[in-house]
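Per-chain numbering from 1; labels A, B and C assigned in written order.
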Amino acid sequence: MITERIDFKKNSAEALGNPKLKKALVNFTDRSRASRQKAVSGVFEWEELRSEARGIKEEVIKNLDSYLLELEKSVTRVGGRVHWAKDAEEASAIVVNIARENNVRNVVKSKSMATEEIELNKHLISNGINTVETDLGEYIVQLCDDHPFHIITPAIHKTKEDISKLFSEKFGVPEYEEPQELTNIARKELREKFLSADMGISGVNFAVAETGTIAIVENEGNARLATTFPDIHVAIMGIEKIVPRFEQLSIFLSLLARSATGQKSSTYVSLITGPKREGESDGPRQFHLVFLDNGRSEIAKSEETRESLYCIRCGACINVCPVYRQVGGHSYGWVYSGPIGAIITPQLNDPQKTADLPFASSLCGACRDVCPVKIDFPHVLLSLRQKVVEETKGRANLPGFIEKTAFRIWSFVFSKPFYYNLAGKTMAFLQCLYQKDNELQGLPYPFSKWTREKNFPAFSRKPFREIWKEKYHGRNGVLR
Amino acid sequence: MISKGSKAFILQNLNFTSIKEEKSRKGREKTFSNSEFSIDQSKLEDDFIENFKMVSGEVHLLAEKEDLIEKINELIHEIGAQSVSFWNMESLKSLEFTSESDLANTDIGITGADFAIADTGTLVLLSGPKQPRLTSLLPPVHIAILKKETIVPNIHALFARLGKSYENYDKLCSCISFITGPSRTADIELNLTLGVHGPGRAIVVII
Amino acid sequence: MLRVFSGMGLEIEFPQNQTCCGQPAFNSGHRKEAEKVARHFLDVFGDADEAIVCPSGSCVSMVRNYYTQLFRDDPEALSRVEKVSSNIYEFSEFVFQRKETISLNSTYRGRVTFHDSCHALRELGISSQPRELIKSLNGVELVEMKMADACCGFGGTFSIKYPEVSKSMLQEKTDSIMNSGAEAVVSTDMGCLMNIKGLVSRKKLPVKVFHLAELLAFEGLK
C-alpha cells in the first residue's frame, strides 16, 4: 500500500531532467515496440486470439468466486495447499508463517509483481529470513535498494557501467563492462543462493481452475530453479489470474510472450501441478498457493473498470505509451507503471492519494491497440477521472475546486450561443494584451502553463460565423 | 493478521451478481491452428530446426537412430566434459559414462523430449521418476534427444495432444517444462546474454 | 473546408448556434458539465438529415463513441445520438468517400509529412484516407516521419495539467517532423495542430503547419 500521495508532476519532473534516463527510455521503448510488432505480424489469427482471450477473462471475472473454489479444490486434490489473503499484510504473514513452521532460513524468489505489491521481501527479511531476488534485473534492483522500473525489465534504467560498478563494490570483482561477463558473475553468486535455499517463492502467470496447474513464464531459468530446487514452493497469485481450462493456456501463452518481449515463446514455461510425486528425485515436497485479493474483489464489482482485472502483465501498454517514454517507471509512484499503473494503482490504493494517475495520460489509446486482452484503457481512465472529480468536494483541494468552477462556467457559456459569442468577442478584445503576430504569449494562469513553452493561436477579431454569413450564407455552394 | 474469515470475505465480495453466467464448461469455442504449417512431418521438422536455431539453439540431425551414441560421444568430446548426467533412457543404455548424480557439478545434462513445437522451436519435457527436472536445468549444457514424430505444428496442437494424453487431469505430471533455446536475459540495457541461470547451450539431437 | 466543399459542388449549412461537443469536460472527468454542452450539441445537430462534417477527429469520436456512455440513462437522447452518429464525419473521411466528385486545384508545391491524430487513427480508424488525398495532389510529395502515429502531447487538459510531460512529447514530435525533410506538416485535428503550431512558432522552426483542408484548397502565390 502506498502511504504518501503520489505526486506525478514532481516525479516526472525528476525524470524529465535526466538526459541519461531519457536516452535509455527511447532506446528501450523503440526496440520493444519494434520486436513486438514483428512477433505479432507473424500470427495471422492475432485478432481472434485477442478476442478469445478477452472473452475468457470476462467470464472468469464474473464468476471468480466459483472459479477460486474450483481452483482450491484442484490444488488440494494434487497435494497442494491454498491460503486466502484479503490484503497485503495477511499475504505476507501467511508466507512468513509457512517459513517459520518449516524453519526456513534462506529464500530464493523469482520475479513476481504480486510480491512487490505486498512488499514481501521486507516482511521476510524483518523476520530474519534471508531473501534473494534471482531474476537478474530484480537482483540488480535489490542490490541497489531500488524499485523496479518496468514490470518485465525491472533494471532497464541502469546502464551497464552502473551495474559494473555495483557488482564490483558488492562482490569485489574487477569492473567488467561486457553484459555477458556481468551475467556470469550474477550466475555464480546466485547459484550459491539456490543451492542453499530451503524455500522458493514465485509468482503465477496463469492458474488453471480445472487442474490446479500454475503456469510460470520466464527467460532466465531462475523461476525453474526456485520452484524445483528448494523443498518448499510458495506461489503467490492475484485472484484474477485464473484460466478455467488447461487447454486455454495455449491462447494466453501465445499472446503473452509476443506482447511482452516480442518472442514467439519465452525461453521457459513451467506448468506446475502440485508438489513432486512419489518416485521423483526433484521438485518441492510442499506446494503452497496464496490467493491475494488486496482490493481486487472490489474492482471486480465495478462494471466500468472491471476490465482492469483482465490484465496478464505483459507490459506492452507500457512499451508503447508516449507518456511512459518521457517519464519512465518511477514517476507512477508504485509497483505498476505506464497505462496499467495509471489504472491499477488508484484502484488498489487510496483514491485520494493516487488521484494524479488517471490524468497522467493524453488518452492517445496506443495502449488499447496493443493490449492482448483488449483492455479499453481510455474508457477506464475516463471513468476513474470522473470518480476523482466526484470525490473532490468543497474548497479543501484548491486546484480541484478551481477546475470544477471553471468547467461549470464553461458548460454554461458553451450551452448558450449568446454567451458563447459574447465570450469569443471578449477574448478577441482582451487578447491584445498578449498578442504578437496573430499568436498569444505570456497568458495568465492557468493558460500560462501553455504559453510558458509554446504560443497559443489568437482569437479571430471577426468570428467565423460572421465571415460565413457575409461570404457564404444562402448561396448554395458558391463562395462569394 | 491471518484471519480465518478472509476466504468468506473474498467470496462474499465477489458475489456481486445474482445472475451468474453459465460457466464456459464446454471449453474453447474456436480451435486455433496456424495454417502456415502443414501437417507434413518433414516440414514440421524443418520449421522446428529453423526456429530452435533462431533462439541460439543448436541442432544435429541423425539419419539413423543407431548413430545416436556416436553423436553423443562426439558432443561430449567437443564440449570437453568431465561428467555427464542423463535420464534413464533405453537409447542411452550403451553410453560408456555413468550418470553423475551431483547435478550441480556436472558438465552436461542429457534428456529426452516428450514433444516439440515447430512454430516456436520449443521442447516439451514432462517430469517423472525417470525424468528429473534438474537434468535440463543445472548443467551448463543441455542436450535433448528428440524423436521427429513427436513434433507438433504449434502450441494449440500441443495442448490438444496433451489433453488427449491426459484423459483424466488427475494424472497430470507435476511439471511440464517448455524449453525454447538456452537460458537468456536482456536485463542489462536490453543486451542479449545467454546462460544466466539455466544452460548457456541448448543442443537438440533429432532422430 | 468551405473551398473544398465548394469544389465538390455541395450545399453547406452552418448552424449559427453551434458551440462544442463537450469533450473537454468529459475527458477531464466532469460528466455533468459535459452532458450539458453535449445536450446543446444534440439540440443543434440532432435532427439534421445532412452529413455533419467536422475538422477534428476527436470531436467526431466523442459523438460516435462516447455519447452513448454519457447519455446511457436517457433513451430519448440516445435515439438522437444514434441518428447523429450515423451522420457525423471527420473531414478527410468524408472527402475521401466522395473523391470522385472533387476537383482539387491546390497550388501548394513541395514535400509534406502527415501527423496522425490519435483519435482519428485509433477511434475512427482513419489512416489511409488523408494520405491518399495528399498523394492525389499534383506537385505535392508525401514523406512519412518517424512515428507519425505517436501522440503529439496535446491530450486536452493533459497539456495544462502536465505541461512539462506534454512539451517533452511535443518536442519529439517536432524533431520527427523536422527530420522528415518536409516543408510542411499536415494533420486533421485542431487540437494537434494548435499544439504543434504552438511550438513551431515559438521556436521559429522552418516548417508550415496545415490542416488537411488548408492544403487541399491552398491558394498561395500563383
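Keep in mind that, in the parts below, a residue touches a chain if its C-beta (ideal position, glycine included) is under 8 Å from a C-beta of that chain, and two chains touch if they have at least 3 such contacts.
Bear in mind that the values here come from a model prediction, so they are computed numbers and not experimental data.
Trainee: Treating touching as the only link between chains, describe the layout with one word: line, ring, star, complete or other.
Mentor: The chain contacts form an open line.
Trainee: Decide which interface, A-B or A-C, involves more C-beta pairs in contact, and give its chain pair.
Mentor: Spelling it out, more C-beta pairs touch across A-B than across the other pair.
Trainee: Averaging only over C-alpha atoms, locate the centres of chain B and chain C and give their separation in whole Å.
Mentor: Going by mean C-alpha positions, chain B sits 51 Å from chain C.
Trainee: Go ahead and note the Å separation of the Cα centroids belonging to chain A and chain C.
Mentor: Roughly 31 Å, centre to centre.
Trainee: Determine the centre-to-centre distance between chain A and chain B, using the mean Cα coordinates as centres, and give it in whole Å.
Mentor: Chain centres of chain A and chain B, defined by C-alpha means, are spaced 29 Å apart.
Trainee: Could you list which residues of chain B touch at least two other chains?
Mentor: none
Trainee: Applying the document's contact rule, which stretches of chain A touch chain B when the two form their complex?
Mentor: Within the complex, chain A touches chain B at residues 24, 27-28, 31-32, 43-45, 48-49, 52, 56, 59, 62-69, 77-78, 84-86, 89-90, 93-94, 97, 134-137, 140, 153-156, 158-160, 163, 179-180, 182-184, 186-187, 190-191, 194-195, 210-211, 213, 219-222, 224-225, 227-229, 239, 244-251, 253-254, 261, 263-283, 291, 293, 297-298, 300-301.
Trainee: Under the stated contact criterion, what part of chain A meets chain C in this complex?
Mentor: 8-9, 12-13, 16, 322-323, 325-327, 358-366, 368-369, 382, 385-390, 403-404, 407-408, 410-412, 414-417, 420, 437, 439, 441, 446-447, 449-450, 452-457, 465, 468-469, 472-473, 476-479
Trainee: State the interface residues of chain C toward chain A in the complex, per the touch definition above.
Mentor: Contacts found on chain C: 2-3, 5-6, 9-12, 14, 16-20, 22, 24-34, 36-37, 39-40, 66, 118-119, 122-123, 149-151, 153-170, 172, 194-195, 197-199, 201-202.
Trainee: Could you pull out which chain B residues touch chain A in their complex?
Mentor: Interface residues on chain B, with respect to chain A: 1-3, 6-7, 9-11, 13-17, 20-21, 23-24, 27-30, 32, 34-36, 51, 55, 104, 117, 119-122, 127-129, 132-134, 137-138, 155-156, 158-160, 162-163, 169-170, 172-191, 193-199.
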